[in-house]
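Quick notes on the structure that follows.
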Amino acid sequence: MSKTVPVIIASLVGFLMIFAFFSPQLLWLRQTAEDWFAIITTIAMIYGGLTLCFHHLKKISDSEAGWGFSAVTLLAFGVTVIVGMLKIGVVPETARNLNHPWSGPFLQEGGAFWWIYQYLFSPVVSTMFALLAFYVASAAFRAFRAKNVEAILLLVTALIVLLGQTKDREITTLFLPAMTDGSTSYLPIADLTEFIRKTIVTSGQRAIMIGVALGVVATSLRILLGLDRSYLGGDE
Amino acid sequence: MSSSVTILDRLNVLDRRWIFLAMALAVAAPILLGIGSDESPSPPTKRLFDRLEELPEGSRILMAIDFDPNSAAELSPMALAFTRHCCLRRHKIYFVTTWGTGVPLLDATIKTVVQSEFGRGDRPYQYGIDYVNLGFVAGDAVAISQLTSDIRKARSQDMQGTSLDSLPVMNDVVSLQDMQLLITPSAGFPGAKEWVQYAGTPYKIPLAAGCTGVQSTQLFPYYPDQLVGLVTGIRGANEYESMLASKYPVPYAEMSKRPASLRGGPQRWAHRLMISLIVLGNAIHFANRYRRSSHS
Amino acid sequence: MNRETTIWTLLFIVGGLSLAYHVQSSERGVGQQFVIPVEIAGRVDAATGVIVPLGAGESTEGEGVIKGVRYDKAGRETSQAVYSLSRTIGVWVAAILTLCVFSYLYRDNPFYKLVESIIVGVSAGYWIVQYGWTVLVSKVLVKLSPDLARYAFLPETPVDAKPEYLYLIPVILGCLIFCRLIPKAAWLGRWPLAFIVGTTAGLKLILFLNADFVRQIRSTILPLVVLSTNASGGSDFDWKQSIQNLVIVVSVLSSLTYFYFSVEHKGWVGRISRVGIWVLMISFGASFALTVMGRITLLTMRLQFLFDDWLGLVRM
Amino acid sequence: MEITQRCREGRIPRCRNSGRRMGLLLAFLLITMIVCKGAVFAADAKPVNEGSGAGQEKAVAWFDFEKTSFALLTVAICGTVIICTELARRGKPFYVRPIAGLRAMEEAVGRATEMGKPMLFVPGIEDIKEIDTVAGLMILSNVARMAAEYDTPLEVPTSRTLVMTAAREAVQAAAIAAGRPDYYNEDRVYYVTEEQFGYVASVCGWMNREKPAACFFLGKFFAESLILAETGNAVGAIQIAGTAETTQLPFFVAACDYTLLGEELFAASAYLSGEPAQLGMLKGQDFGKLAAMVLVLAGCALATWDSISPRVKTSDGQNGSRRTQWITDTVLKGG
């Protein structure tokens, strides 16, 4: 019972979604599904917040190593939620709504939640993102080594494209004559980059996409036919 | 021989933090020292530049600043470069924006270029004679088609509230069809696409556009038939600045007047670093192979 | 004290001192932020109880006037701009956090761990707030009780909106998740999962077949011999385009062969699939290199924040 | 499509005495037929909307006939996959080629056990509404089973609550299946934060402190892929990654020991489960690829023919319909 009902639910709604695509009568189902999904996720997120609190409260109560950091996480979480849900420091956008103190946008410039977003959230997140610049360098240094044919192709293409990206592509004029009309824009390396991008990159991605589509079909069918129920806890 | 072996051994166990440090320097040093990089012009950029060069002095040019602070990083350098070029060629400039949020950027463009760089000297650019700020025209695409049929219907006054009829620069100008060129650095809707559809193509007014990198695929089909030129992203802006610099070295070769070229500096050095890292990595690889084969 | 600690202590002292000197000597100020107040004022209309905006030139003082003040970011030179302490502190906090994250590149350290703890808490909270307002209030509450939504949060909700009780279903399904907290009813928590996974499977099956399978095959159908019309009306062999098309078709077919699971990769299948893996490698090499530019831009922007917005060393 | 249909026709007799699964398949086809039938009925019964110039718009129909060819294609592909599954279930042997990354998984678990270090499993950063995540979770249940057999701790931080819920179910069931129900520890499968880089900050911090011996990144990934993989590499872990995101594959290929490319991610759980029915699906997928290749070849041949000798121009100066259109606009019309 505990497994059968969910599998039936999954198959039923799944097949319904497929039919809805072909039936204008049922098209609204597909649109509603997105909405419903957002609602379920949001409620699930509250559950997630609770488990996050439990997780860290347990660390604190067990006095695990680094429990202080758990306290910081809990504090940051609590303050953010309270400040954001109470819309602290937010004022209504228009005069007409002045007697609706909670009508302003929650992320209004100048509000306390905006401050947290602007000066805590956004700088840390974008700096984490910026770390990628360092990691591309170290990955290129370590991994792009001519160990076999595949690796040679990988690194030679990467070198050509890297060279083609900036004005350093003109280094090729040192050993290749410029075009007869003297234009510098038709240097072979820039052309080559463009050619690789248009043909091989596109077709490599295309083949992967076609394969992925078939993989998705098979995986979906596995779910709809109840062949794989590991996401529900597997077979009993 | 022994020293080369120790170098190889060291390189084999090279701490990746040295690579991190090198990358930090490759990006930070050009920013702090103001080292930029040129870019060789691509045909769509060069065509706009040549068009502005060919137009006779005093031609009428509409500059539509259709972007907001979100895309200013890419498009603002373009707007500055286009405006500088128009001023150098002594064209008459008509500033306008179809974006409500674009007004401050329009003002900034006028202030930085027209007023502070060309507002003095023996032949200063004068408001109302050499240029005018039409400000914000509301109505998106409708505004564009209104400007095309009658500018005064869309805006009867300029930004300061002066009637357009009292401005000498507006004499003989009825609609956009009296312009020799429309230039629009644009970020989205309404933007270059709408200018093509509502002004450029139906009335055969020459039109050039600047766009963000993301948008370029959308606009490239219009070049070269419906767009005189197309400048794409920060790289396109750099191309334009580089052409300005080689044509008018004083004062436009100076890096402080080339915001896009300035951003090319870190890019160029970081790419050079990446290339040398790959080459170095392979040198180590082959040296190791050589050592192994000579030992065995 | 070992050598590393000494070096780092020295670096911190030197850095701190030069920062202090810079704060003292800098004309632009370090991280100073200015704002401009925006006043929102209206007068309660005695007859209807609705607040109407003040007319031009009307005084903001006086009977029945309600005011709210918002602050927008402003340049230092802007007239009426006032110094904002909270935002200046914000820029300093942001700068210090940025440096803490960069410190991770050296090694894991307490500063990074502190930032990690803060960001986990803040971001989890941020998304709850974000979804709370945009989904729970703007989607659920508005549908279930438009009157309450209009009264409390969204005055723009139409007056004639009727409650739609269909939206109770996802709410109940969502709440079943909480059953996982009760061991005896934990199995009920699988229902929402089954609902979502089932919907996903149905939606994605069609989506991928349509968008990826059909469309990608269609765009690979290209003429292998391209003729272009020349000036005199005849046709020329366009070798450039022809080669391009041939390369695309061959690459797609060989890469597809690589993905064959049920045929041994031997003989001619093996050879073709080897070409396929080469195609994939070339495309990976090129994609890797093409992303470098974007990554460098991200780093440039972070450094610009430090050097320009915070320290005021350069103007970009 | 031709190929798949022929294959179906050839094999249907064998499946005549179908079991439960075939029942499902028949139900699937039956419902399709009912819907089609209903659509025809509805289209006939309902009046045509007046005045809509094209005259094509009907009152909301039960079946969109514009999508007929796509519906047939869908039925053909799904049908092939289901039939292959059924054949495999009845004991028809299928060959499947080895995938390096999958063989390495057991090795990685073994190594972690020897070293006495934990392992990390990241099922992507997207929610369960992405099929990639579901595929990642399916693999998780197999990896968790191995880990439970060896009693090696497996850490599963997730970026979404629903993924956490499903991952807990999967790990718990795997522990029971391996005969070690006490292996499952709820604290090891937890939710971190929705935020991409907040999540990465936390996972990388964990990797640096715990130094896992093996890292599995299987699911949907975006820019963070390289940060995770490089950190894992720096702590010396064996790394096995897999994603269907074409933009992230280059980074995994560069920084990980083994990478499951695109479709291999979806095939992986079938391989690992070892169930004949799931392996049969792979054969079905291959028929799909074969169909794709045949369509491309046929299309290119027609397109080349069109290019060399275009059909005569019609009277109004327009080119006559191109031969390629038969494939692009009929067979591959899409929805």
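To keep things simple, chains are lettered A, B, C and D as they appear, and every chain counts its residues starting from 1.
Methods note: a residue touches a chain if its C-beta (ideal position, glycine included) is under 8 Å from a C-beta of that chain, and two chains touch if they have at least 3 such contacts.
Since the model is a prediction, treat every value here as computed from it, not as a measurement.
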{"item": "Result of counting contacting C-beta pairs for A-D and B-C, higher pair", "value": "A-D"}
{"item": "Relative to subunit D, chain with the most remote C-alpha centre", "value": "B"}
{"item": "Subunit B and subunit C: spacing of chain centres that average the CA atoms, whole Å", "value": "25"}
{"item": "Chain centre separation (subunit B, subunit D; CA means) in Å", "value": "43"}
{"item": "Whole-Å separation of chain centres (CA-atom averages), subunit A against subunit D", "value": "18"}
{"item": "Distance from subunit C to subunit A - Cα centre to Cα centre, in angstrom", "value": "8"}
{"item": "Sequence positions of subunit B contacting 2 or more other chains", "value": "16, 20, 23, 27, 267, 270-271, 274"}
{"item": "Multi-chain contact residues (two or more partners), subunit C", "value": "101, 104-105, 113, 115-116, 119-120, 122-124, 126-127, 177, 180, 190, 192-193, 196-197, 199-201, 204-206, 208-209, 213, 217, 220, 249, 252, 256, 259, 280-281, 284-285, 287-288, 291-293, 296, 299"}
{"item": "Residue numbers of subunit D (touch at least two other chains)", "value": "70, 74, 77-78, 128-129, 131, 134, 161-162, 165-166, 169, 192-195, 197-198, 201, 246, 249, 251, 253-254, 261-263, 267, 282, 285, 288-289, 292, 335"}
{"item": "Chain-level touch network, classified as line, ring, star, complete or other", "value": "other"}
{"item": "Subunit A to subunit B touching residues, read off their complex", "value": "133-134, 136-138, 140-142, 144-147, 155, 158-159, 162-163, 165-168, 170, 184-185"}
{"item": "For the subunit D and subunit C complex, residues of the former touching the latter", "value": "70, 73-74, 77-78, 94-97, 128-131, 134, 161-162, 165-166, 169, 192-195, 197-199, 201-202, 204-205, 208-209, 246-247, 249-251, 253-254, 261-264, 267, 282-283, 285-286, 288-289, 292-293, 295-297, 299-300, 302-304, 306-308, 324, 327-328, 332-335"}
{"item": "Of all residues in subunit D, those that touch subunit A in their complex", "value": "21, 24, 28, 31-32, 35, 39, 42, 60-64, 67, 70-71, 74, 77-78, 81-82, 85, 127-129, 131, 134-135, 137-138, 140-142, 160-162, 164-166, 169-170, 172-174, 176-177, 187, 190-198, 200-201, 223, 226-227, 229-230, 233, 244, 246, 249, 251, 253-255, 261-263, 265-267, 269-270, 273, 275, 277-278, 281-282, 284-285, 288-289, 292, 335"}
{"item": "Subunit B - residues contacting subunit A, complex", "value": "16, 19-20, 22-24, 27, 37-43, 46, 264, 267-268, 270-275, 277-282, 284-286"}
{"item": "Subunit D-touching residues of subunit C, taken from the complex the two chains share", "value": "101, 104, 107-108, 112-113, 115-116, 119-120, 122-124, 126-127, 177, 180, 189-190, 192-193, 196-197, 199-201, 204-206, 208-210, 213-215, 217-218, 220-227, 249, 252-253, 256-257, 259-265, 280-281, 284-285, 287-288, 291"}
